[in-house]
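Across the two complexes that follow, chain A remains constant while its partner is chain B and subsequently chain C.
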Partner chain A sequence: MTDSKYNPDRRKVIRLIGGAGAAAAVQMLPFGAGLARAAEKFTVGVIYVGSRDDFGYNQSHAQAAAYIKKLPGIEVVEEERVPETIDVEKTMEAMINEDGAQMIFATSFGYFNPYVLKMAKKYPNVRFAHCGGLWSKGMPTNIGSFFGYIDECEYLSGIAAAATSKSKKLGFVAAKPIPQVLRNINAFLLGARSVDPKATVSVIFTGDWSLPVKEAEAANSLIDQGVDVLTCHVDSPKVVIETAERRGIYSCGFHVNQASLAPKGYLTGAEWEWKTPYVILVDNAESGKPMINFLRGGLKEGFVKTSAFGPAVSPATRKISMAVKAKMLQDEFIIFKGPLKDNTGKTVIASGVALSQQNPVLESMNYLVDGVIGQI
Partner chain B sequence: MSLLPLVAALFVTAVLFALFVASQGYPAFDALALVGKGAFGSAFAWQNTLSRAAPIMLTALCVALPARAGLLIIGGEGALALGGLAAAMVPVVLAGWSVLLVQGLMAMAGFVVGGGWIALSGWLRYKRGVNETISSLLLAYIGAAVFNFLVEGILRDPASLNKPSTAPIGDRYAIGAIPGMDVHWGLVWGFLVCIGAWWLMRHTVFGFATGVVGGNPRAAQMVGLPVGRLMLMACFLGGGAAGLAGMLEVAAVHGDANADLMAGYGYAGILVSFAARHHPLGVIAGALLVGGIGASGSLLQRHLDLPDAATLVLQGMLFVSLLAFETLNRKGVQRV
Partner chain C sequence: MSDASGGIAVGSLLLALLGGAMRVSTPFLFVSLGECITEKSGRINLGLEGTLVFGAMSGYGVAYLTGSPWLGILAAGGSGLLLGVMHGLLCSLPRVNDIAVGIAMMLFGTGLAFFLGKPLIQPVAPTLPSLILGGWSSNTQIQEALRINVLLPIGIALAFALRWAFVHTRWGLALRLVGDNAAAARALGYPVVPVRIVATAVGGFLAGIGGAFLSLYYPGSWNEGLSSGQGLMAVALVIFARWDPVRCALAALLFGAAGALGPALQSQGITSGYYLFNAAPYVLTLILMSMSWSSGRSLAGAPGELSLVNR
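Then we have the complex of A and B:
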């Protein structure tokens, strides 16, 4: 991000003349970029499906929104707990009509089809950034879908988990057996097996994104089975992490840093760093460049990050994990490579095949790899 | 019925909400102004409110109609989900058939499945003496589980990767917007069904007989009314309305059946029906209030940075005052 990108371009100035009248523009132009920028705010709307302080997915986006709010010339309007119904359609329209939003960040996966697609068609001059969706050719070009390869961090969490675990039984509380979730579970297992080939990951699917009672039951039941490191992929990891801490076992976080919930047992965690794509997309919009329709990134691109190691992680383990992370940062590490079998014995990646992170095959993953105890 | 309790309730709600907002350190008068503006302050606000109100009118009938027969049904969410799922299957099976026929069959499928689901509670009550409130609530959970099982299992469209859904119904069979408005046809259906329900309960023998059953089932039996059948019918019609809401959500909003169908409209309907004293026309007004609060809550969040919970507080205050002032309007104790 350089300063020049924030300077108003010709388009903006023309718009300004249209909006404020020729006299105002004539007055402003000689003062240069700074004044013109202050005169025209770029309004960004951010929509969350849950609470902004959920210690999870929505909080990770709220952090990015709070970051771009501080950028010069940017105004942010936010709305939380917007369900994936006509409500989100109306919220997007209200942001555009009532607040003058020029760009919308629709952060929940379910907002994409049909709502973002519909609104993008209706408002071709507004940019829609959607998290997690798969933009494809033929869809409106004012949509951009962005996402992060957080399985890289899950792999690193798996390393810390298996190296710290005494029982070598790890547990995973997951919402639904969909590709994004399966990819994380599998990466966690592969990381764990990279330090201990006998490590297993037991998974329980709760069935939905936010079911605190079921998540607590699942966590307790896994701990009763001898699991001594827990992690999860649900909207708010709070319950799982707190349960692990209360029962005196270790935990790995997800979405944001949950170390404050488990000061003793928190090992590390997979965190989103949404401010990277947010800044790229807002910057791009402000300078009038075409929308980036498909934006993905991992550790290297700064879309995801790992939580700082907790006190229970030994120096030796930190070293192993950091060595792998360094390779990932160099783009020299492949998580999913053959030969790889699923937990029913079927070969899912043939020997000699290496799937790099950008490979779209990974976005339709529908198996649990060998070593994961559980079924889809 | 005089309008005084209603006006008083609205006034008290406004005062209470202003005090609450002020006590949290937000500007109270701005908040009140935004509530009005966001719900009914412009053409856009009205359309926003109406869109949100449409499904709630129908789910409120799922409470209001059985209430006429003396049954308290709170499981409309299950009927909505299963009705919507059944409706979503029609265009998949009958792809290529004429639009009106398919949409008609979708509505029928939603109505029959939703109605049948709630009729189960009525049947359990009449035949086995099972409390219908509890059974309908439990059936709503079972309905959600069945829905998820099917949508994530055999009925799943393999193309729906990260959001398990049934196959899309396609643009051809989708229900569009009312011309000149940004509100889908479901709103008109909601109005018509509410008016129809009012006419049915007020001006037909069936409605009168159902009212007698609700007033005193034993007396109804003594005068020879088919109590069981009337109970079942009231449940079936109520559940049907909720199932129809599910169908409209599928056809006009989602475009397929997925877990987002269960967005809480069934539960919002309970609130609306009680506030409307189970009167089918009152339900329309109640649904508009809930829709308006939703629309204005959105504006409160965006302009004052109030958390979403503030909307729930406003909604709670409004309905508690409505019910409280309602009692002042009654002479003596009366059964609903």
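Then we have the complex of A and C:
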């Protein structure tokens, strides 16, 4: 059972109260004044699947929303804890009709299909920016999908993890086997194997984005199996990082900087820098340019960044990691290149093939590479 | 599976289940003991899920503000007590259904906890200390499995104490009489409504402590997804345990172990069907419920005044 089931639809209530109040307020204003003011502001709606200060994914978006809120002429309306169900459709409609949102940032993966697609057809004048979805030709052109190549940071985390690990067994607590998660797991493993070819990554899928007890259980089981560096791809890494610290092993963060949760064991981490795409998309909308349907960027473009190294990372390891990072910043580094086998022995990238970050094939990744212990 | 060990390491799996039972079962234990007391008085409090979440939030908040996890536990119990009193009073009004009030209290408790708990997601509160019982072993897995929180032995001791008290003490007798036959209790001069309110309040107190365990020990932080229905499952567990506190404790341990099954198997490389293994506690609830509700021997031991029981 999820909490959302008995979470009353707040927005519906607000809509009822606020709608009546707003109508009355507009009538009280001198003729036309209400409308003129509305035209000056550009209203942006931001929808989160979880809590805005979750030490994770939602927080990384909320930081970007807080940044664009400060820009002149921008008004931001936000709603948290919107499930990836028909609820998000209601939220989007309410933001458009009640708050006058001209642009919506739908930040959770599961919002895209069918909800954002449906709303984009219904409201062709509103811009929909979705995080992580794969926009393809034929989809409404008022949708833009943006994402960051955070696997670059995962690769760097993998280097730090394998170089620091004693058992060379690394652990990964993942939510669901979707392409972005698999890409992170694989990049983490490839980074680890670049410094130690014998390193392995054990994966546990918890089944959902936020299940704290299960995440703690997964972290403990992995540690019991001898894993000594943990990282994760769940909405809030707090529980995993804290569990790792409590059990005296190392950890790599995700989404935002979690160093404060694990002052001893935090090695480094992969962080989002969403304000870069947010600013690009909002500027673009305000100046009336067509929607950017496919916006991607990595370390070089400033969409992602790495956490500062923790005290446990040796100077030699820092040097290796920084050299790779420098290449990434020059666009000279390719993570996924052949020959590459998945963990069932099948060749997934043929010899001589190099898939650069921008290659959309990578965004439909459906395998775990050799060295990852786990199954999709 | 790739280069991990070919077979399942059975010993290690059993240890993982033991560890899971030790870590995960405490909230189940406290909520089910609380619910057991409440139901013995002839009322069902479905709102304990809300109480659990509210207890987790208030316990975390107080522990964070005062720096003492024990004060947090006390605050969680206190807030649970208040919610219990609220349920008890509401249900004492004429023609009020305890199940409906319970659902309302569940929504109220979780909603209020989310609302008040917003600023508590970020800060890190001190957590409860643990007892290290596995020091004799050099195996870290055994050490970890036996690193338990002091609330677990307290809960188990409480289960035995309650079983004894239900039978051998005056208030235990009064509680059971009120729950079994209100008319008889009235005839003997026992105050039926006050006894039920106290029973619900004590139930809420224990459920609040169960919640504080979640936020202050395992997993040990507050966020809105903290309880995945533990409060509700604990209510089901009481029925399965046939209103016997000691069986409640056993069932709680069983549920804890079932919850550990999914991650434990995956960490050993057995990953096919992990959705199924992750659902183990819920499947177990369904199986146990259908077993304990089978016709013929249904509801043996149920308090006669319980609204579940046909009269």
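Annotations
Heads up, the rule we're going with is that the second predicted complex is superposed on the first by the 337 of 376 C-alpha atoms of A that agree within 3 Å, B and C clash if a C-alpha of one lies under 4 Å from a C-alpha of the other, contacts with A are read in each partner's own complex, and residues count from 1 in each chain.
FYI, a contact is a pair of C-beta atoms (placed from the backbone, for glycine too) under 8 Å apart; a residue touches a chain by one contact, two chains touch by 3 or more.
The model shown is predicted, which means the values in this text are computed figures rather than measured ones.
Partners chain B and chain C, brought together by superposition on chain A, clash. In the superposition on chain A, contact of A:Ile223 is made with chain C only, not with chain B. When both complexes are overlaid on chain A, the residue A:Leu261 reaches chain C alone and has no touch with chain B.
When the two complexes are overlaid on their common chain A, residue A:Arg81 makes contact with chain B and with chain C alike.
Once chain A of one complex is fitted onto chain A of the other, the partner contacts of A:Gly207 extend to both chain B and chain C.
Considering which of chain B and chain C touches more of chain A, the answer is C. Looking at the shared chain after the overlay, A:Glu332 reaches neither chain B nor chain C.
Applying the stated contact rule after C-alpha superposition, one finds that A:Ser51 touches each of chain B and chain C. Note on the chain A alignment: of 95-103, 149-157, 185-193 or 221-229, the part of chain C that runs into chain B is 95-103. Of the residues of chain A, those at positions 51, 81, 207 touch chain B in one of the two structures and chain C in the other. Residues 38, 44, 48, 51-52, 148, 152, 161-164, 182, 249, 253-255, 258-260, 263-264, 294-295, 298-299, 301-303, 305, 307-308 of chain B are the ones that touch chain A when the two sit in their complex.
On the chain A side of its complex with chain B, the touching residues are 45, 51-52, 77-87, 89-91, 93-95, 97-99, 109-110, 113-114, 132, 134, 176-180, 207-208, 363-364.
Those residues of chain A lying in contact with chain C across their complex are 1-3, 6-8, 50-51, 53-55, 81, 171, 200, 202-207, 210-218, 220-225, 227, 236, 238-239, 242-243, 246-247, 260-261, 343-344, 370-375. Of all the residues in chain C, the ones that touch chain A in their complex are 1-4, 12, 15-16, 19-20, 23-24, 53, 103, 106-107, 110-111, 114, 118, 121-122, 124, 140-141, 144, 214, 218-221, 223-230, 232, 259-260, 262-264, 266-269, 271-272, 274-275, 278.
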